[in-house]
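Here chain A shows up in two complexes: once beside chain B, once beside chain C.
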Partner chain A sequence: MTFNLTLIAIFTAGGFIYSLILPKSWRKWTLFIASILAVYALQPPLLIRNMDFILPTVTIFVTVFVWIATLPRQDNQLRITIQWRDLFTIAVLMLLITGLAMTRFLPSEWQLLTASRPPAPLDVFLALFPLALLIILVGGIQINQPRQKVLLSLMILVIIGVFIILKTDRLALAFSGWLREQTGRDATLANPLTDLNWLGFSYVAFRLIHVLRDRQTGKLPDVSLRDMLTYIIFFPSLTAGPIDRIERFQEDLVALPEMNGRDPSRIVIGSTRIVIGIFKKFVVADTLALFALTATNAGQVTYAGGMWVLLYGYAFRLFFDFSGYSDIAIGIGMLFGVQLPENFNRPYLKNSITSFWQSWHITLSNWVRFYIFSPLTRTMLRWKRKPSSDVIVGIGLVATMVIIGLWHGISFTFFIWGLWHATGLFIHKMWSDRTRKWYNQFKKKQGQLRLWNWAGIFITFHFVVVGWVWFVMPDVGSALSVLSKLAGVGF
Partner chain B sequence: MWNWLINPEQPYTWGFIARVVIKATLLFLLFNVLFASFQAMDFIGRFSLYNRIFAGRERLPYNHDDAQDYTLTMDNIPAMFATHEINRSKADDEYRVLLVGDSATWGFLLPAYQTLAQQLTDKNYLLADGRRVVAYTIAHPVMSLTKDLLLLDEAMNYQPDMVIWLVTLQSFSQNRQVGAPIIQNNPARVRQLITDYHLLLNPYDDRFKPIISHAIFGNQRLLADWLRIQSYGFMWQATGIDHLVLNSELRRNDFEEDFSWENLKSPQSITADDLAFDLIRAGHDMVGDIPLILVNEPMFIADGQNSDIRYNHFYPRWVYDEYRMIFTELATANDWHYCDLWDAMPRDSFTDSPVHMTADATGNLSQMLGEMVTDYLEFGYLGKECD
Partner chain C sequence: MDEKTIREKLRAYITADLMRDPDYPLGDEEGIITGGMMDSFALAELAVFVENAFNVYIPDPDLTVAKMDTLNQIVARVMRDIK
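Now for the complex of A and B:
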């Protein structure tokens, strides 16, 4: 099941009940239980048997293991450190997952919480019980901080490894084939889209890395298992972000029992964001999708003007679709008392590529700035023979933007898309550094400044729009063909 | 960006929420009442970006289950015609010919530029008075004379000079008259036809969809389709594609020993009343003085196993022969302009069905029709092909 209108209506209605009726002390548990159930309900059906039940379960248990790995460590003594509240969370988790499996005995039309018929409850319990024991035991093993850092690094590498497998077409296909062989299915029918469509993994992975990395650097606050799970798989932002930060998210969770559920401001703002998001996603974006650039229609267009229309269609469709989802997520989050961060701020009206990246998928940009750009440039600055600041910035930008590109899928076109933006950002940085004095004088001429701004918006918008060609086309040849057709060549 | 929402001039109160809900409900009701009172769906349907921003489509919208067709199947007849190139002013030198029919006339498995109408227009037939023959496809891939009449009724608003109605036996089947969604979703129009032309159809047939409402509520699908067909205009303009031409399986040449057609299991005598000839009569009444030429469309004639029993997988020989005989008798008795081209095309002219033709065969048929039009207008005679 995808994030469709029915689910949005259910979440919104749930938000009203939660705000207006539910006892305050139930709020944290309600968010936790709703998120656990939603991770199964939102998972699309997969063709490998039980895979659409297994993948959400893996998401949950990977999060649990990450939580264990990030528990504060002081000494090397062996003792049970998991608190009773967290053991209770594990018990609730076991009950919820086994309970979901028990919906197997309901008529198929009542199996609404899982993508397909769940596995047998006994099998689920027998698989989960040793896992729960392992969690308690592993949670009791104390290691010193240097060893914990190594463990955390290993976990980050594992998450990146899984990410690379899922995002690389060939590896995903091979893995899908291998899974099919293990389950006695025809490996020649392997298709990652129908076998391995792991809902929200891209976002879950980045949240997990954020948590692991913040523990390494000592910034991670103490978080209960329930709050960690709620943060990682918070249902409004599971499928399409925003990527919140755990310390900010936790502040909202702490404030939940005191939140005024009947605050009209929160109801109005949350509901309005949902309505605007629905309009952007289901009316504007879905209409634009009918004439947005695709690999198929790119080959059918017969003149340059048509190709530009398709490219503009794609650019606006992407914005309205993505920002619409973000609005819906933020709106639902507000109804449930969680203020998710903004993800877009009129990106196509920015007059420089730097401003664009401060207003497009803001939470992802911030993530890579915190965990890629800043550490990388800081490291280079500490080198004995450090390169010039321009070179450091250049390398930092390339690394950052290439990673943003590859986050969408590991392919040469996404790599080039990352380079495209890195180049744009670098040129803009060089330009603004070298023209700062002139620009300060120029700012006094209001009329010319306005014209300058509009020219900047026009150039930035078209730089981004032409860059989308690399984003949407599946290979370099077809991307070059689209670019040449945009220039009126190649028809 | 969200300042207007987050920091309002007056703080939000429950009174504010109540006022917004009440006003929104009242506005919703008001818009629905206005929408229903003015039959706004018909009005909106007639408004179109086609023939203004985008080129008009060469045939009525129909989607054969593929997103790459850049069109969709819709049931709002004014909206369908509004997308069509016929919805433009008629040139002074234009002799407007409408081709009414089923999927064969619509051009199934043919690109828009190779339809029967398009190939007929491309041949540039000139009449004695200097006008050129411009043909328009008013066909739709449904085999039902009721559907043909429904579309012809709307097409009469577009100043035709001549109508050529291409038919085949399937369209005469009484079972097929109300089977298609385009008919079931236009009950008011069909009932009007039944009343105006005394058709033998049941106006209260269960298959007619009840009109839940003329308001916005109840017409969401039609409104969404209208919006989507406008959006597809960009793709139509940019690609010229409205139907994906796929390599389909070839029509069958071998058959079981099967004598059945529709509900008739074995050879028997049929009469004109068993077939929907009342709709052909209605078509003549509808067009009035405008010439109407009936064409029994070409079909595939098999030579494989049991081809002595069946002409093709549509028709056993016995029923088709009876149909042709009845049609000829009625045409003669009623002085209809009738041309029987049932065997005019060789076997290799047909694609996936006994009536869908290749582009070349369609071109040949367009030539026959072109000569038929000019011969009729010059000599009052349909030409040698129809003898």
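Now for the complex of A and C:
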């Protein structure tokens, strides 16, 4: 089931029942169980047998292993013991997944919680039981802090490795062919879209890296297995974010039993966000989609103005679709007592590219700031013979923006899109560094400042919009063709 | 090192090296980034200075405008972890 109106209605109704009727002490377990079930329910069907059951299970168990690896260890205390509460969580997990497999015996129209007919429950249990034992054993392995850091780095590398395979067309195709061979299916029909569409993996991967990295730097709070799993696969934000932070998420979980379920403002604000989000995503964005730039309609345009209309259409469709989705996710989160972070703050009305990136997909740009830009520039700043700070920021920006680009898919066009924004950010930094004193004086002239602001908004918006050409077109040739047509040549 | 020394060292570093305006009378509650006197890219430089000068490591997720905008905030963050 995809994130459609039916599902939003189910989540919203669930939110009302949860807020108004459910006993307070059940709230945390409810979020946990709903999130586990949603990982399976939201997964699109896949053509390799049982793959749409296996991938959600892998998401869950990778998270369990990450949790084990991030348990706090001190030098004087080598062994950690898993607490009873966490063993209980593992038991509930086994029961839930085996229970899901039991729906195999229901008539197919009742198998609503899984993408296709689940595997046999006994097979599922026999696969999961050794895994659960392994988790408990791994938890007891003696490991000191320096070794834990190595283990955490290895896990980060594995996640990045899987990410690269899934996001690189050729590698994903080869992997899908290999999987087909292993399962006795025709390898020539391999197609990553129908074989390996792993729901939410991009977002899950970034949350997992955040957790692993924060343990390395000592920032990660102590988290129970149940709360870690709920954070990583929290159902409103599983599909496409926002990417919350675990210490913030945990504060909300702690406050859940005390939350006033009948607080009208929370319910009204949450429901309003959902309605606004539905309007933005399903009315505005879907209407704009009729004339938004695509690889197909780009070839049919015969004059520059038409190309600009398509491009504006795409820019607004993208914004309304994604920010509408974020509104729905935040609204549903609120009904369940979790205040997910904002992802957009009027990005197309910003007067500089730096402000744009502080207001577009905010939780992703924060993530890359914390885990790429900041550590990379800090490392370079610690060098004995370090380059000038302008060069360091330049390198940091290129690395960061290229990674944001490649996160969407490893291709040359996304690489150029990242480079385009890195260049914009770098030029803006150079400019604002050199004009800061002048600007602080200029700010006092109200009338001229307003004009200056509007000019900034116009330039920033068009810089972003022209950049979208690289985002939407599948290859360099077609992107260059669109760009030349925008300039009125090449028809 | 007492709080006053730390505060003055930070004030001197921020105005001279990050704002590049050593004579600027930077107030304790003044928004350094929100006030447009330095950009958020400079927070990494500030973090490395804090490491070298006070031996305090500020994790990357704490280097945000919300948490590090005023001298008071920065001093409080350094004082929290100083040995």
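Just so it is clear, the second predicted complex is superposed on the first by the 485 of 491 C-alpha atoms of A that agree within 3 Å, B and C clash if a C-alpha of one lies under 4 Å from a C-alpha of the other, contacts with A are read in each partner's own complex, and residues count from 1 in each chain.
In this section, a contact is a pair of C-beta atoms (placed from the backbone, for glycine too) under 8 Å apart; a residue touches a chain by one contact, two chains touch by 3 or more.
The structure displayed is predicted, hence computed values, not measured ones.
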* Asked: Superposed on chain A, are chain B and chain C clashing or fitting side by side?
  -> fit
* To do: Using the touch definition from the top, say if A:437 reaches chain B (first), chain C (second), both or neither.
  => second
* Partner chain(s) touched by A:188 [first = chain B, second = chain C, both, neither] -> neither
* To do: For A:288, decide between first (touching chain B), second (touching chain C), both and neither.
  => first
* Asked: Where does A:429 make contact in the superposed view: on chain B (first), on chain C (second), on both, or on neither?
  -> second
* Asked: So, A:370: does it touch chain B (first), chain C (second), both, or neither?
  -> second
* To do: Once the structures are superposed on A, label A:219 by its partner contacts, choosing first (chain B), second (chain C), both or neither.
  => second
* Measuring by CA atoms in the overlay, how small does the chain B-chain C distance get, in Å? -> 17
* Please give the residue numbers of chain B that touch chain A in the complex, ascending. => 1-2, 5-6, 11-14, 16-17, 20, 68, 70, 227-228, 231-232, 234-235, 237-241
* To do: Please name which positions on chain A make contact with chain B in the complex.
  => 262, 264-265, 267-269, 272-273, 287-288, 290-291, 296-297, 300-303, 305-307, 309-310, 313, 342, 345-346
* Structure fact -> Given the complex, residues on chain C that touch chain A span 21, 36-37, 39, 41-45, 47-48, 51, 57, 59-64
* What residues on chain A touch chain C, complex-wise? -> 214, 217-219, 245, 354, 366, 369-371, 373-375, 377-378, 381-382, 389, 393, 396, 429, 432-433, 436-437, 439-440, 443
